[in-house]
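Naming follows writing order (A, B, C and D), and every chain is counted from residue 1.
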Amino acid sequence: MSTQYQGVIPPVVTPRHADGSLDTASLKNVTQHLLDGGVSGLFVLGSSGEVPYMTNAEREQVVSTIADANAGAVPLIVGANEQTTNRVIEEAKKVIDLGADAIVVTSMYYAIGNAAETETHFRSIHAAIDKPIFAYDVPVRTHYKLPTDLLVRLGRDGVIAGVKDSSGDDVSFRQLLLAAKDVPDFDIFTGHEVVVDGALLGGAQGVVPGLGNVDPAGYRRLFDAAQAGDWAGAAREQDRLADLFEIVYTPNGRVSGGAAGLGAFKTALKVMGIIESNTMSAPMLSLNEDETTAIKVILERNGLV
Amino acid sequence: MSTQYQGVIPPVVTPRHADGSLDTASLKNVTQHLLDGGVSGLFVLGSSGEVPYMTNAEREQVVSTIADANAGAVPLIVGANEQTTNRVIEEAKKVIDLGADAIVVTSMYYAIGNAAETETHFRSIHAAIDKPIFAYDVPVRTHYKLPTDLLVRLGRDGVIAGVKDSSGDDVSFRQLLLAAKDVPDFDIFTGHEVVVDGALLGGAQGVVPGLGNVDPAGYRRLFDAAQAGDWAGAAREQDRLADLFEIVYTPNGRVSGGAAGLGAFKTALKVMGIIESNTMSAPMLSLNEDETTAIKVILERNGLV
Amino acid sequence: MSTQYQGVIPPVVTPRHADGSLDTASLKNVTQHLLDGGVSGLFVLGSSGEVPYMTNAEREQVVSTIADANAGAVPLIVGANEQTTNRVIEEAKKVIDLGADAIVVTSMYYAIGNAAETETHFRSIHAAIDKPIFAYDVPVRTHYKLPTDLLVRLGRDGVIAGVKDSSGDDVSFRQLLLAAKDVPDFDIFTGHEVVVDGALLGGAQGVVPGLGNVDPAGYRRLFDAAQAGDWAGAAREQDRLADLFEIVYTPNGRVSGGAAGLGAFKTALKVMGIIESNTMSAPMLSLNEDETTAIKVILERNGLV
Amino acid sequence: MSTQYQGVIPPVVTPRHADGSLDTASLKNVTQHLLDGGVSGLFVLGSSGEVPYMTNAEREQVVSTIADANAGAVPLIVGANEQTTNRVIEEAKKVIDLGADAIVVTSMYYAIGNAAETETHFRSIHAAIDKPIFAYDVPVRTHYKLPTDLLVRLGRDGVIAGVKDSSGDDVSFRQLLLAAKDVPDFDIFTGHEVVVDGALLGGAQGVVPGLGNVDPAGYRRLFDAAQAGDWAGAAREQDRLADLFEIVYTPNGRVSGGAAGLGAFKTALKVMGIIESNTMSAPMLSLNEDETTAIKVILERNGLV
């Protein structure tokens, strides 16, 4: 099977100044940090990029800034994140104009849909735009699990070019890998930072790791080891990255589930000197000094500062 | 306690032509039908109005059309339905410009928040706009239940002017009524069509019934009976309306949960000659001939056709 | 419609000595307290009686003790609480031998069933025993909501004699009341302490209130007011009981959800001098001094101490 | 780390005659089939053994029958499956008397507990019995996810000897593996049939596969390949077993979630001539002719018939 997309495609975080405004200089730094780390694509306007918290103007500015910094180096896979079909189509057209090479689309949310509507949703979006579409399975946010048979059917019909799986359902993930094995140009990515070795062993094409913002080179090494069939080496790198992932557990109930992980990634990038501030989008709290200190300890034992 | 808002405030459905485009003529008819039925307000851009399925341009057109048809007759309470704080504020400003007298705001969705963020969310929106805000508690869509103590605190501080409760949690609803009893100008509405008599007996100020699109006069009679202390009469009217509510169970698994209820309301309005088509927003299926026939039977036994 | 069961049927708490052993003397006191309060039945081995925490020997001792203390005064409705059909049947036979007049049965739990299995479950139990069966709808524990149409069908076929609804779903409760209106000898009880006025207004036959352990006479007054058509009086009594229900919110995160409410009932009964100790079944924590003091305040303002 | 338990430990199915009575002859055949397949232990009275559906007498008969057939060949790990602490202790003592070498214990169910009660639960059971205890994390049945930090603490304190993880949460599973790496004599098993290669790569000691009833030798080959560091070989065997696992999807909505998988295992064993009937415990439906035919096709393409 020839695949267009594979490897490490981190969901780029969105730096803000301490006053909450977009920090495009830091965003360019992050982009360069990721390219330097050997990523094979950039996922823009993802959950890790705080897309639900951005205004429409901010969304446009983020895509433009990353597109400039990337300068065609790797493909830009951009989230068209809206509640329902027609709103997604409008958003998708906007981000394609701004430089998206492919689009990422979730099932509907806030809306109460079903499998048939979800199928129509993806088919209608495919009919309206002319870029590859990745289905993003993230039931913790959409509260709807994309059915495996639907994904395979959409893949076989050329409606979607692949899947980013953040479902947390490893059984269905393996079954998707197996069921889609003979679907041409269909690329399956795990969104879970700590099970990448197993996902690649099972046949996944790559990973979209939020933690990849912090250590893109680590994920690249893990991917390369897997490609080379050095599975013990891949597992060792994965175990190290799983230890690094402990940064997301430093906030202790003070901040929301949404803010903890993303805040940890931004705080790590600040400690590493890549971004200016770890300020989160309103109304999320930013991590504090204690949490920053705890994160620094974890970065140090993993050789990142 | 003096209250500004009370009585029957239906969430206005959004008629579409068979080709899917907005049907503003039918929307005016619905508005007139509701005013004729004796409603005391109109809830615009609610879930029953299919707000998540509308493009931004359609949202504006719907508010303008209803504002025109209403011509100041009753207050317009308009949903500012967006994922997070800053997006809600932008949306709220837009609908206020178009004629909204008050704003309806849910907790964040797609985002993964907590109680503290939700409090900041409502306080930030209140700081940014100068119209009354109703909190809309609809965990079946947002997957977050607004805590009773938060609602009461926001009410006491003048951040919110009331609550539209579609939580399906009657215990917390009663406790909210009790806890908010001495909060001035704080109005609590149930969104559940079939428990209005009990809600009013418990002290609610009114109801926001999707079924009120079909039979606004019935809900007005129920409300008037309750106001007059005729609780047995209120319960009789409620039982009749609960029978009418059976129209939402006519679609049998074919359509989604989102489309079944709203589709039934629109189909009933079509049978009653008030709107032209029962077409749903994409990608929802519209009810078919069989379902329409079943709905007609229920309308007939309730004297509505 | 003639009904066999109606009124106030509290789920009797299970007192323990400080060392954790059953306190049958206190259990007799509670039983007498409930009879004195004017209850029309006793629900034995319910969730409020901590049935899942009792050994088999303790379950038998509890039924025997209450049967002795009751001495035929009111019907004993006893929970046959086991995971699946055949285990329920064995348990039901045991409690019938000990004096049960009727049996309370939930859907299966730990097992992963569906509607068809649930129907077989109830029909098989009915075929195996010769006492009335009440279906107990408690999805917060069984994680399965009993479907309304199934309950009505089982009622119409004489399989079940009624329903104890602790589903927290007031919409389906009203629809059950309406759908079962013409089913003979079918009695529907709400298990929710604070919405009894609305439930009775909607046609319920009675209530199974855990809080009724503390204030059986209050629930009796509420029921009598409703029977007399004095709905405003019923609502006033309900509001007072809803205030009394605040005792269940005195434990602040220290104890589990299961232990908080039941612990509050037992602590109130201890403060009132009806039981010796507020000790909970292992591994639940008992309420502490601070929580006891807070409960005493609420009891005092409600005239119970 | 020296570990006592590792490898393939299938949860033994419970054959019944067509009339629903236990089929001990077939149970002995299954046991022999598993031993022949090279399993390193037997998990008795597990969910796959239909333990919630058995009467107490049946539970005893199953343990005795397997103990006889096993004749000490491999360790017997037996479920003490009851709602709460004291009931589990009684059950554990019974199965230890019948030959259990170790006990499997879930968190409480039907009860509404929390982390503190769950810790007391495991510590109390450990204090009351003198056999190793495996924690069984199965939130799809108990509706409570065992916290990783609790499991590690219980392991470090010698309260539990390991974990059987059927949580479906691969992220927390990897973190458990990592966090427990230096806990002596602490063995972690995945319960998920199709992700065993990744689990072993991440450091798991073994697998408790329901599908292992059907193809124990396949799981043994997978385990041996992993032990030998032949990860590509392990993944190939896993992919084959994932294809075999398709038997559980042959029932199409007719039977419950509980009955589908277990019914498929029993039907496969019947087709393979190892058990007499695929009859399920009441009230579960057994798979029919069409489903049996579909399963036969899958068995054939995997070389099992």
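Throughout what follows, a contact is a pair of C-beta atoms (placed from the backbone, for glycine too) under 8 Å apart; a residue touches a chain by one contact, two chains touch by 3 or more.
Just so we're clear, the structure is a prediction, and the values are computed from it rather than from any experiment.
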| item | value |
| --- | --- |
| Touching both chain C and chain D (chains) | none |
| Chain copies touching (chain A, chain B) - same or different residues, decided at half shared | same |
| Inter-centroid spacing, chain D versus chain B (mean Cα positions, whole Å) | 49 |
| Inter-centroid spacing, chain C versus chain B (mean Cα positions, whole Å) | 35 |
| Where chain C touches two or more other chains, by residue | none |
| Arrangement of touching chains [line / ring / star / complete / other] | ring |
| Pairs of chains, among all present, that meet the touch criterion | A-B, A-D, B-C, C-D |
| Residues of chain C touching chain B in the complex | 168-171, 174-175, 178, 192-195, 197-199, 201-203, 229, 231-232, 234-235, 238-239, 242-243 |
| Chain C contact footprint on chain D (complex, rising order) | 52-56, 81, 83-87, 90, 108-114, 116-118, 120-121, 124, 140-143, 255-259, 281-285 |
